[in-house]
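Two complexes come next, and they have one chain in common, subunit A, joined by subunit B in the first and subunit C in the second.
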Partner chain A sequence: MSDFDPGRRRFLGHLGLAGLGALGASSFLSACASSASGPTTSNGSGAVTIQSNLSSPQAKAAMEKLIETFNAQGKGTASLNTIASETFRTQLPTYLTSANPPDLYTWYAGSVANDYASKNLLLDVSEVWKSLDDYPQSLRTLSTDASGKQIFVPMNNYWWGFFYRKSNFAKWGVQEPKTWTEFLALCETLKSKGIPPIGIGLGDTPWVASAWFDYLNIRINGAPFHRELLAGKQRFDDPKVKAVFTRWREALPYFDPKGKAYPFQEATTALLAGKTGMFLIGTFFADAAPKDALGDLDFFRFPIIDPAVPLAEEAPTDGFFASAKTANPTGTKALLSYLAGVEAQEAYVKASSGIVLPANPRAKASDSPLVVKGKAMLNEAKELTQFFNRDSSDALQPTADTALTKFIDKPDQIDAILREWQAGAEKVFKG
Partner chain B sequence: MNKLRTGAFHTGMILLSLLWLGPVLWVVVMSTRSFDDIAAHGVGSLPRSFTLDTYRQAWTDGGELRALINSMLVTVPSVALSLGLAAMAAFALSRFRIPGRRTILLLMLAGNLLPPQILLIPVAKFSELTGLYDTLWALIAVQVGFGLGFYTFVLHGFMRDLPGEIQEAATIDGAGTAQIFTRVMLPLTRPALAALGALSFTWIFNDLLWAITVLRTDDNMPVTPALLALQGQFVSSWNVIAAGTVIAAVPTVAVFLRFQRHFVSGLALGAVK
Partner chain C sequence: MTATISTTSVTPTRRRRRSARLSPLLVAFVLVPFAVESVWVFWPAIQGFWFSLTRWDGMTPPTFVGADNYVELAGDATFRGALVNTVIWLVLFGGLSVLGGFGMALVLQKERRWVGFYRAALFTPVVFSLVVTALVWRVFYQPDGIADTLLRAVGLEQLIRPWLADPQTALYAVILPALWRQIGYVMVLFLAGLKAIDPALHEAARMDGANAWQRLRHVTIPQLKGVNAVVLSVIVIDSLRSFDIVWSLTKGGPYHSSELLSTYMYSTAFQSLRLGYASAIAVVIFVLALAVILGYLVRAFREEAS
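Up next, the complex of A and B:
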């Protein structure tokens, strides 16, 4: 729609109306068309609209509260639009390319944002970043596009790890493993007690398996190789990638066989009920835990496989970007500055029940032992990756889902699976 | 022997209807469980808690009232408008010698054979160009446009079989075309209109695809996307979603109970020529 101009719009508008009018309802529809153009034109000077995918009740309430506070401050007005996250994901390209797009969007940092930036759809927010000079360099890099300008403002991040119930580990008399060997020994112990050691939930949520691939790859081949692989600069049928699956196979007998059938939310229930030993998952899973179980949760980092590889962790970063076509760039940037501030970030962390770390280094995270431990783990890491789809694209994710679920089913066919994966990935990178 | 057969028939049918009602019952039961109960024991377990707070959450936090109003604002005019237009088109196509009427009818029907998915982007862009994007009018226009072909086809089949003598008699009595349509044809087509009305009400009310294609403001969303919005990014409160689903099902169930008779006749409509 770059060749868009008001004249053509009016012409086509009449054309459309004439067409509809011919159906016998001209007065009916032209009345509504004139009322419909009202909000379209008033949008520019007025409220900044935020299109949000934070649709879970707590996160939605937290966002509503933030916007309320912002509006009360008198620096501008904003209106929040919460869309089901699944709808949001599929409609985001439509929103961004529409002639009159919403101003601000919740989304992910990194290559998914850069993808839109390379199509000139995102607003340059370098100005906002001038006041964020105390943000860590890693977040700045993550928010910068290929041409060197910032296009993203991070709100918070979270971590992945092996979560377990402290009371269950105590009951079974086992401890957190540090290395891969210790991890396999732990699995063996749990299995001998009749408990499926590793929980997973792949039904409806096959992407959960990508965490295993990501972690094994950054533990064995390191984060730089992982990034290159996901950017299409390395091949999936490389022997280095095969090495990842050789390791994975060692742990495969310990996976919960029921995990293929149910989604991760039910895998959480299984973990909490002591039907599985541990579960590699992001902190968001805690939203699916009953309140009385939260205090009993603990986690350990993905075991070290090769101590020579610099330590990397997965820390998906969430935040905001703005449309390049916003009619109110000043207001949008003012809102972004507010959202990146200490006050807003602390308020969000407090109001949303999710275990998240604020992006602003001066904002205090929750002081629960779990959050303290998670923050320490991320600080210790030399490199941060995000997650498979966030480091590559939503288009590449399905190729991973297919390959990984197939591998878990038929680990013998790994060579063929990797060849197919490479072929699938090539199509995505070309397209 | 006869008794045995009746017994077997009834047992079989009871089992079959249980199979049918099972999922519905499951949703109703789930809607009365607390979140912690579901989180601790899974969605499939027997209820260990009872609460009606889920309905309050779906109603107020989920904004179901607004969504139901939106749904009605879209569904009622869409049904009225599309049936009105379809009746006119069917009248013209079935009772007058319009050149190429067969082609017109087939063309209208052919539109229904296209999978709607391939039209999503054109519809979104076109609604933007007309300035209707993100308004309920856009949704009404889309629903009317996409329903029209099928309704016209069905009504055409029905009207064609009405005896021509009635129309001739009306003409002799001095009725014009408009009068024949409103005073003769429409009353005679009532059974078909009622059946189609009931069917189209459920179709439009339950539509999700077009709603999320042409709308983007949460205050404008009808009830189906609003239900979807009860799902979180990662974790969903299934009990609240179940409660919301039960609420959202009420209007369609009400319409079904009211027009039950027509539903069945509607399914057979056009089956026998």
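Up next, the complex of A and C:
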């Protein structure tokens, strides 16, 4: 989800690049089309092509470096196509269903990947997973489809939390809250000091509101119910879902009213400038933060509401899957094994600017206090969720955007909003 | 039509000779564009009609569902909202850009000092890409942005609201930048029409004692009939395909309050991946455009005949 936005933010700057990428992709496709009929690719020795949506300058450079290293190792050859993320998102089904698709793709783990797997579009990568036996079970489960085979190789993940500036919390004389009651008390204190306590950015990035829904739901009803709801096995007009909004309503008066009109990047600026107290967001927001502010940032986990509910956190996982129709499965798997290795993951984390945790448990993450704290929080969690769209589908996300922005505007109409949401979701599930 | 038929029946030999002399170059000029159009325009359009009768996610093959999509459209509140918004858009965007464009053309038709500058200034927004226009207007509308500062400066701060995020104002806040651009375009069309009017007509009217209003009403406007048809088609088509400015400013939100048929079609197709349903919306847009333009053309022809 986070990747939508770096792409959009840099969209204009990268139009040219995206265009080149598209040209590259099409020339590759035609090259593949012509060579597929020849004898060269039938023995599986052609270059493996990676279609990448990591279009922010640092991430793109990091990927380029990884591919360069892989090519130098002599285990195969690979070439990288970087596509603007929004284009990538809308084109992905087309890539996968075309007659001669690119071999490997950057994408998200979870239900989005499983959905493609259920249509037999993804390559079985169980062989790669044989050498990944030290990966945690949670990541293995996440990468396994309904038929029990692995179809995804994780690269890294990140976390969501309430971010704030340490210097501001010290200035206002407030502490990190642990429980929902403490959280509301903190909001009240900040409000009395004239600071809008909770920042949000829904203008242009309405999906940010889904983090609130996800967290309240996994704190009140637990992660299994949340996943079932997002898979269409529970109803949005269920009283259990309404309970989520009853809680949310307690916090609504503390939201920054300007947040409806800002995108999340501006909400980040507002937080850093001390115009809001805290901001529930994923670590990718730091891409938009000036370097000198990074050291002053800290976060706390979404407050506990019901201690009886097993602790779950949002930890969206990024990685790779491959097309079932690849002409070179051996080369593709070799590249995946390389990307899942310690060396590649450490190199990627070092080169990319984002605050991310490598998926390989033996790979060292950055040792900044923020990353150490984030890693500890995820390790403590009994369950990990991905994010609204990743646990359901990109198709369901707009129904959530509509329902949640409307709720924030008109909390009185919650019953009607949930009925509409259920109706909208049913249409999406029906197809 | 009748004339041609009678000539052919009277002098079949001469007619045949004429058609035999049809230049191959001319045939090529007609057939080549027709072939290209068939592949790139007609065929996809016909396919669109077919897809509107199917359920299709873009990955698995489409399944035929008959009129199901159209039945669903009839009961879809979001679609109804988008339809109403599209009508509002057609009336406000279309109406005001005709009035504004015509007014500007009248004011700027006479060659005076600086008139070239004003014309260029009004036309400049047309040159910008709508996505760039949207970026500029977003800065204008943002909280504590130019719009809010202006209102505060004149003491109207109670009017300040999140312009693009308030369902009451979002649609109108998007129409304004669209108009800002369209007026310049319509002005140029009308300017061309005004230039083509024979000055002798105005002079004769003036000699007969017609005042400025009478000359406008009885000379200028009737003389612009040809341009009107072009302007109407342009306005209707531009209204129904308005998409980029809405998508870049609000994406049809908040909660569908600035949704147009075009944005609803796009989000249904490429976000919800319901391509069959989106095709049904596209068919409705097509029928609407055709109905408005055909309605005008039929009336225009009838007037000409009588």
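Just so it is clear, the second predicted complex is superposed on the first by the 386 of 431 C-alpha atoms of A that agree within 3 Å, B and C clash if a C-alpha of one lies under 4 Å from a C-alpha of the other, contacts with A are read in each partner's own complex, and residues count from 1 in each chain.
FYI, a contact is a pair of C-beta atoms (placed from the backbone, for glycine too) under 8 Å apart; a residue touches a chain by one contact, two chains touch by 3 or more.
Keep in mind it's a predicted model, so treat the numbers as computed, not measured.
K.L.:
If you stack the two complexes on chain A, which partner ends up touching A:Leu202: first (subunit B), second (subunit C), both, or neither?
P.N.:
Once the two structures are laid over each other on A, A:Leu202 reaches subunit C alone.
K.L.:
Applying the touch criterion given at the start, work out whether A:Trp421 contacts subunit B, subunit C, both or neither, answering first, second, both or neither.
P.N.:
After superposition on chain A, A:Trp421 lies in contact with neither partner.
K.L.:
If you count the residues of subunit A that each partner touches, which comes out higher, subunit B or subunit C?
P.N.:
B
K.L.:
When the two structures are overlaid on chain A, which partner does A:Leu121 contact: first (subunit B), second (subunit C), both, or neither?
P.N.:
Second partner only.
K.L.:
For A:Ala84, using the defined touch cut-off, is the partner it touches subunit B, subunit C, both, or neither? Pick first, second, both or neither.
P.N.:
Once the two structures are laid over each other on A, A:Ala84 reaches subunit B alone.
K.L.:
Under the stated touch criterion, which partner chain does A:Phe279 make contact with: subunit B (first), subunit C (second), both, or neither?
P.N.:
Touch status of A:Phe279: no partner.
K.L.:
So, A:Thr94: does it touch subunit B (first), subunit C (second), both, or neither?
P.N.:
Both partners.
K.L.:
Shared contact residues on subunit A, subunit B side and subunit C side combined as an intersection?
P.N.:
Correct list for subunit A: 12, 90, 94, 266.
K.L.:
So in the complex, which bits of subunit B are touching subunit A?
P.N.:
It is residues 35-43, 57, 61, 81, 84-85, 88, 121, 124-126, 128-135, 137-138, 141, 144, 148, 212-213, 216-218, 225, 228-237, 240 of subunit B that touch subunit A.
K.L.:
Subunit A touches which residues of subunit C in the complex?
P.N.:
55, 57-60, 72, 77, 131, 135, 141-144, 162-167, 251, 253-256, 267, 270-274
K.L.:
Spell out the residues on subunit A that touch subunit C in their complex, using ranges where they run on.
P.N.:
The touching residues are 12, 90, 93-94, 96-97, 119, 121, 202-204, 206, 257-258, 260-262, 266, 394-395, 397-398, 401-403, 405-406, 409, 420, 427-428, 431.
K.L.:
In the complex, go through subunit A and note every residue touching subunit B.
P.N.:
Residue list for subunit A touching subunit B: 1, 9, 12-13, 16-17, 20, 23-25, 28-29, 32-33, 35-37, 39-40, 51, 53-57, 59, 61, 81-87, 90-91, 94-95, 98-100, 102, 264-266, 268-270, 272-273, 282, 284-285, 287-293.
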